[in-house]
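Take a look at this one; I'll ask things after.
Naming follows writing order (A, B, C and D), and every chain is counted from residue 1.
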Amino acid sequence: MFSLGNEVKLTVFGSSHGPYIGGTMDGLPAGINIDEEFIQKWLDRRKPGQTIITTQRKEDDLMEIIGGSHNGYTDGSPFTFIFKNKDYIDKHYDDLKANPRPGHADLTMYYKYGEYRNYEGGGFFSGRMTMPLVAAGALAMDIIKKYNIKIVTYIKSAGGITLEESPPDNEDYAYDFKTRMPNKEKDELLYTRILDVIKEGDSLGSVISTKICNVPEGIGEPFFNSIESEISKAMFSIPGLKAIEFGSGFKLGNMKGSQANDEFYIENNKIVTKTNNSGGILGGITNGMPVEFNIAMKPASSIRLPQKTVNIEKMEASEVVVKGRHDPFISYRAVPVIQAMTAFVILDMIMSKRSL
Amino acid sequence: MFSLGNEVKLTVFGSSHGPYIGGTMDGLPAGINIDEEFIQKWLDRRKPGQTIITTQRKEDDLMEIIGGSHNGYTDGSPFTFIFKNKDYIDKHYDDLKANPRPGHADLTMYYKYGEYRNYEGGGFFSGRMTMPLVAAGALAMDIIKKYNIKIVTYIKSAGGITLEESPPDNEDYAYDFKTRMPNKEKDELLYTRILDVIKEGDSLGSVISTKICNVPEGIGEPFFNSIESEISKAMFSIPGLKAIEFGSGFKLGNMKGSQANDEFYIENNKIVTKTNNSGGILGGITNGMPVEFNIAMKPASSIRLPQKTVNIEKMEASEVVVKGRHDPFISYRAVPVIQAMTAFVILDMIMSKRSL
Amino acid sequence: MFSLGNEVKLTVFGSSHGPYIGGTMDGLPAGINIDEEFIQKWLDRRKPGQTIITTQRKEDDLMEIIGGSHNGYTDGSPFTFIFKNKDYIDKHYDDLKANPRPGHADLTMYYKYGEYRNYEGGGFFSGRMTMPLVAAGALAMDIIKKYNIKIVTYIKSAGGITLEESPPDNEDYAYDFKTRMPNKEKDELLYTRILDVIKEGDSLGSVISTKICNVPEGIGEPFFNSIESEISKAMFSIPGLKAIEFGSGFKLGNMKGSQANDEFYIENNKIVTKTNNSGGILGGITNGMPVEFNIAMKPASSIRLPQKTVNIEKMEASEVVVKGRHDPFISYRAVPVIQAMTAFVILDMIMSKRSL
Amino acid sequence: MFSLGNEVKLTVFGSSHGPYIGGTMDGLPAGINIDEEFIQKWLDRRKPGQTIITTQRKEDDLMEIIGGSHNGYTDGSPFTFIFKNKDYIDKHYDDLKANPRPGHADLTMYYKYGEYRNYEGGGFFSGRMTMPLVAAGALAMDIIKKYNIKIVTYIKSAGGITLEESPPDNEDYAYDFKTRMPNKEKDELLYTRILDVIKEGDSLGSVISTKICNVPEGIGEPFFNSIESEISKAMFSIPGLKAIEFGSGFKLGNMKGSQANDEFYIENNKIVTKTNNSGGILGGITNGMPVEFNIAMKPASSIRLPQKTVNIEKMEASEVVVKGRHDPFISYRAVPVIQAMTAFVILDMIMSKRSL
C-alpha cells in the first residue's frame, strides 16, 4: 500500500513519467493554517536542477492544492495536492526495459509487476515520489512549531569526509552550504569531490544526521509504535536509504551497560541526561532529550559508467549505460526529504496521544 | 497500539507482573498445522534461566493455546495463546518507582502514564513481552518453510569480539554455542568476557546478524511497506534495539555507485548478483538474493552497579541500585526473538501479495 | 478479521466449544477505572439460563481480566479478558457436521473453511462470541457516563405484539420486564407467546429499539465513518441481525422533503428539532438530538422442529432435527449486546475527534 | 477519515465548490484493464442535468486519470482520478452560512468544524462527493465481471408507488426508465408524481432495491467484516441513506424460525434455498444465493418551500428559502451510486480471502 501514518494518513500517487505526482493527507483537524509559501520553500530545496551537483531535469515542482483547503485553512477533509510532470524524455528508457540497472529497482519491479510494470523513469520507484513526502512533511513541520519542535538535518559524512562537530539547532542552517555539509571548509572539500565524481560518471553516498530539538517527553508507544519503529519505517520508504541508528547506535553493540546508560540529573527543574546514547528515546518513548539519529544513503544507482547486467528477455549477459540525467549526489536532495518525513512522523505520534 | 502486521495482525497483551502475558494473531487462513512442539522449542530458546549468563528468573514459559485452533489446525479465527507468569518478586520494585533506572523505560513510562503506570518489573515494557513475539514468529517460521525460507540469526559482535565469517545457512546452528556466537574459539572468549561482566555487575551489548535464505523474489512493496520499512519497524519494537542496517548498510554512505551497485549475472538460469551490498532488496522489494541485516542491541540497562539518577517525586538527585535478577547479556535471548520477528514480517509480506 | 473500531480496537477470540472465549481492547488511555462489578452486571444480563425463555446452557460467564489493568485502572496496554467455557456437549454436533441447519452458518462455514471448520456449537459463529462484545461495551458504557450519555435498548416488537410508546430514558428499565418489552401488559402477552413457541419447538424474532440520550453534538464523520456507518457495521456483526433504520428509517422512503426535514428551533439556548426523523444524525454527524435506531433480529435458526436440508457429504436431500438446547427468543439476550455495542461505537467515535 | 475498504482502500478528496473532486484507490494488483468508457458510462448515469427531474447544475463530470495507470492497465500504484468542478454559483450560499437548512448537514458541519467549515454547496458533504465512489465502483464492477457477478439496482418504491415484481437480472435495465423504476406504467406514474413535486417546490424519498447475482459462496467474514457489516457501512456513507435491510429484513422481526429459515435443497448439483429470507447471507458469509437488500433514501433536504430554522449567529428563530438548483428526486441519481458502492464492497471482500 502507498500509505503512511497512524492518525494522519499520507497516500502518494502518480509516477515519474505520468501526468502528475501527488499526495493526500487524511486525518488533519480543521483550522490549520496552510502556509503555501513555507511548503514551497521546502519543495524547492528538494527540486532538481538547483545546482550543478544535482540532476539537471527541469521541473517547477509547484504544488497545486486540490482538496482539504478552505480560505487558507485545512477544512477537515484530506489535504490533497498535485505536481505536474514536465521534463521527461521517454526514449532514454527503452534500453532499460530489458536491461535492469544494477542497484536500481528495475529488476524487482519486473519481478513484482511483470509486463505491467511502469518503468519509464523508475515509474513510482522514482525519487520524484519523495515530492509529496516533502509537501506533507513541510506542513507537519509548520504545525509542530506550536510545540517549538525543530528538526535539524545535514550531511554528516560523504566521500571520505566526515563532520565531527554538531551544527547549531537551526533547521535552515545546512541550506547555506553548497553540499549541505554545514562546515565551510569541509563543504568545499566535498563539493570538489562531487565534481570529480561527476567527471568520472559515478555517484556518492552519504551518512545524514538528524536531531529533533524540543520534542515533548512522553511521545511514542511501547513496542510496535515506538519512536524508533515509526521513524525507521518512514525513513526506509525513502529510496536509497539502507541503515539507521538512534543515539550511539551501532556503538552501543560494543558497550557495557555502565557506559551506555545515560545518567539522569536535574537542570532548570527538568530531568536531563549527561550523555544521549539512547538518542532521546527510552522504551520507544521520548525522554525529553533531543531525538538523534543517523541514516546511510547509498550512492545513486544510475551512473554513466558502463555496468554489467542481464538482459531479462533473452536471459543472457548484457551491459547497460545509463544515458540521460543523473544525480551524482542524491543525498543533497535527500536532506529536506528526511527532515520533512521526520516532521510527519512526529506530528503523527503527537496526534496518537489518547485522551477522553 | 499493541498491534503489528498488515495482513496478519499480532496484538500482545499482559505484563511482566500481571497474571498472564499473551498474544493474538488475526488473519491467518484456516488449515495451517500448529506444531506446538516446534513453537515451544523456540520459546525455550528465549526462556530465562537457561544458562548462567541469563537472568535466573524461573519461568516455564509454556504456551497455552486458547483460541484459533481446531484439531491441531488454525480455524480462521485469531490464533491466541497465553503464558502464566510465575516467578515475580514485587518488593524489588518499590525503589524503582521513585528512582528511574538510567537507560530504562521507568522514566518515560512515568511521563506517558503518570500515576497509572504499570511499573513492576517494567510492566509491559518488560523483555518478557517478547515471548508472544516468539510464539507468533515461530508459527510464521513453520509456515514459510513451505517456501523453503530459512532465517539464520547469530551474535556477530560483542565485548570487543567480532565474528568475521558467516555461519552455515542453518537456523539452529547458533544454538549449539554457549553465547550464540557461532565460532568455537570466539564463543569461549565471549563467554569468559560475559562471566567477567557478571562479576563486575555490568552488562554487554552486541551486534546481531540475520540472513533470510531463499526468500522469493518480488516480495515487498515500494515506499512505505518496503521490506526494510517492515523489518525495521518490527525490529525496533524489540526492547534495547537501537540500530539496523541492510546489506552493507552504513558502509554504503562512503561508497561510490560503481562500488555499491551489485552487478547482475546469470547462474543456474537465475539472476544473481556478485556482491550483496543491497542486502537482497532493491526498491523495497526482494531481488532473490538473501536478505541480510545487522542490528545493534544495547547492553541491558539493569545492572548491579550503583547509578546516579533522580528521585522523580522529590525532584532531587538520587542513586539507584538494581536488586534482583539481571540479564548480563540480554542479546543471548534476543537471538530467537529477532529470528521469530523476521519470520513474522516475511509471512506478512508474502500474504500482502494481491491477486484476483 | 476479528477486530472492530478505529481508535479503540476490540479483537475477539476463542469459540463456543474451545477452552475460552475472550477479547482484547487496544487503544484505551491509562487511568480509566475498571468497575468489574458493573461489567459483570451487563454480562449477567446476556448470560444463558437466566429464565425459562432462554437457552438452558449453564455458564458462569465470569470475566477474568488478564491484561491492561493495574490496581483497578487501565494501564494503557490492551484491556484483555477471558471467559472459561464450561457446559458444552459435543455429541449433539455430530449430525450437524454433514447436515447444515437452515438459517444457520453451518453451510457457509463449510464453504469458507472446508474441512478445517470449527463447527461444534457454531464455533466462533456462536452467539457466545457476543460475550466479549458485552464486556468491552460495558466498559465503554461506564466511560461515556462522564458525558452523561445513556443508552436505552428494549424489545419494540415481537410475535405480533408491538410497543407504541417510548420507555423512560433509563438504561436499566427494560431489565425489569420478563421479555424486556417494557410495558407490563404487553410483556405478559409476549411472555405467553414465547412459552407457546417453546412448546411448538419454534423460535421468535423481534424488532429492537435503541435511543442514545445526551450524545454530544458534532460526533461522527462525513462519509465512511458516519455515525450510521459505524453503528450499522457494529450491529451487523451481531449474529441474526438483518436490518437497521435510523430515525424514521424506511418511512422516509415514502415521505416528501417538507415532511421529512426536522425543523430547528431554540429551547434552553440549545438548537433542537420538533421531529426527529433523522434520528439525531445529519451528514453522518450528531446534531444533539437523541440518536435513535431500530434493528430487526431474525428468530434463532436452531429450532426443535424437523427441517429439510442437504447432506453436504453425500450431496443429497436430508433432514435435520436440532437436539440440545435452544434460544426460543434470542432477542432477550441480544438487548444488552446491542446496548453494549452501541456504547463501544460511541466511545470510539468520541475518541476519533482530532486535535493538536 | 475519508477512506473505505480493507484490501482496496478508496480515499475521496475535494469538495463541491473547490477546484476538483477526486479519489485514489490503493491496493489493486497491477494488470487490470482500465476501461475508461465503461467507467464514464456509469459516471454519466450519476451526472446532474440528465433529465428535468434532477438538478440542472451543468457539469461534464469527465474523469481524468492522474495515477495508477500505465498503457491502459493498473500498474500497482494507487488508481487516482480527478473531476474538475465547473458550474458553481457561490452567492446562493451566503444565507445558508447563518441559517442551516433543516435536514441538511449545515448545522452539524458547524458543530464539527466551527468557523473553518467548508460550507459552499455543502462542501465535502455534497452529493457530488459520490462521483469518486461511482468511478471506483465502476472499475470494481468491471473487475468482478470475471466472476460473472452482476449487480442490479432499481427504485422499488417512491411517492406511494411500489413495484411488486423483480426486474430481470440485468444491471443496465433500470436505466431505460425515466425514473429508474423498471415498470413502464409505474415509471410514468412516478414521473408525473415527481413533476408535481417539482411544482410544489418539494422533494421525494424512495426505497431502492439491490440484488447481487452470482456472488461466489464463502465470501465475507464472521463478525465485524460480515457482508452485511461491510455493505451497510458503505451504504450509509451515501448522503441521505437512512435504512437498510437484507433479505426479508424487518419482516424477520415478526417471523418464527420455522418461517424464516430458508430450507436447503439441491438444484443442478448446487445447494440452493427455496426462499431467500436471509438475503443470501448466513453468518455474515454468502451462501451462493443472490445477496439482496433494500435501502431507504430520504427526500433531498434542499427544497424551495420556506422552512423554519435558527440563525446560529444570533441564536434566534429564522427562516430559510433554498435558492438555486435542487434535486427533487435525488434517488434517481443514487441508483448508480448504490450499484457502484456494492461492487466496490464485493471486490474488497473477494480480495479479503486469505491464502498462502
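By our rule, a contact is a pair of C-beta atoms (placed from the backbone, for glycine too) under 8 Å apart; a residue touches a chain by one contact, two chains touch by 3 or more.
This is a predicted model, so every value here is computed, not measured.
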Checklist entry - Given the touch definition stated above, what is the smallest step count connecting chain B to chain D? => result 1
Checklist entry - For chain B, which other chain has the most distant CA centre? => result D
Next on the checklist: Between A-D and A-C, which chain pair shares more contacting C-beta pairs?
Outcome noted: A-D
Checklist outcome for this item: Rounded to the nearest Å, the gap separating the Cα centres of chain A and chain D is 40
Checklist entry - What whole-number Å value describes the gap between the mean CA coordinates of chain C and chain D? => result 26
Checklist outcome for this item: Distance in whole angstrom between the CA centres of chain A and chain C is 47
Next on the checklist: Counting only residues that touch at least two other chains, what does the list for chain A look like?
Outcome noted: 1-3, 12, 27, 76-77, 112, 124, 222
Checklist entry - Which part of chain B faces chain C closely enough to touch in the complex? => result 1-3, 9, 11-15, 18-22, 24, 26-27, 30-31, 66-70, 73-78, 80, 82, 112-118, 123-124
Checklist entry - What residues on chain B touch chain A, complex-wise? => result 1-4, 6, 12, 100-105, 107-109, 111-112, 124-125, 129, 157-160, 197, 200, 202-207, 217-218, 220-226, 228-230, 232-237, 239, 241-266, 269, 271, 273, 277-279, 281-288, 294, 296-303, 305, 307-310, 312, 315-317
Checklist entry - Okay, in this complex, where on chain C does chain A touch? => result 7, 27-29, 32, 76-77, 143, 146, 222, 350-351, 354-356
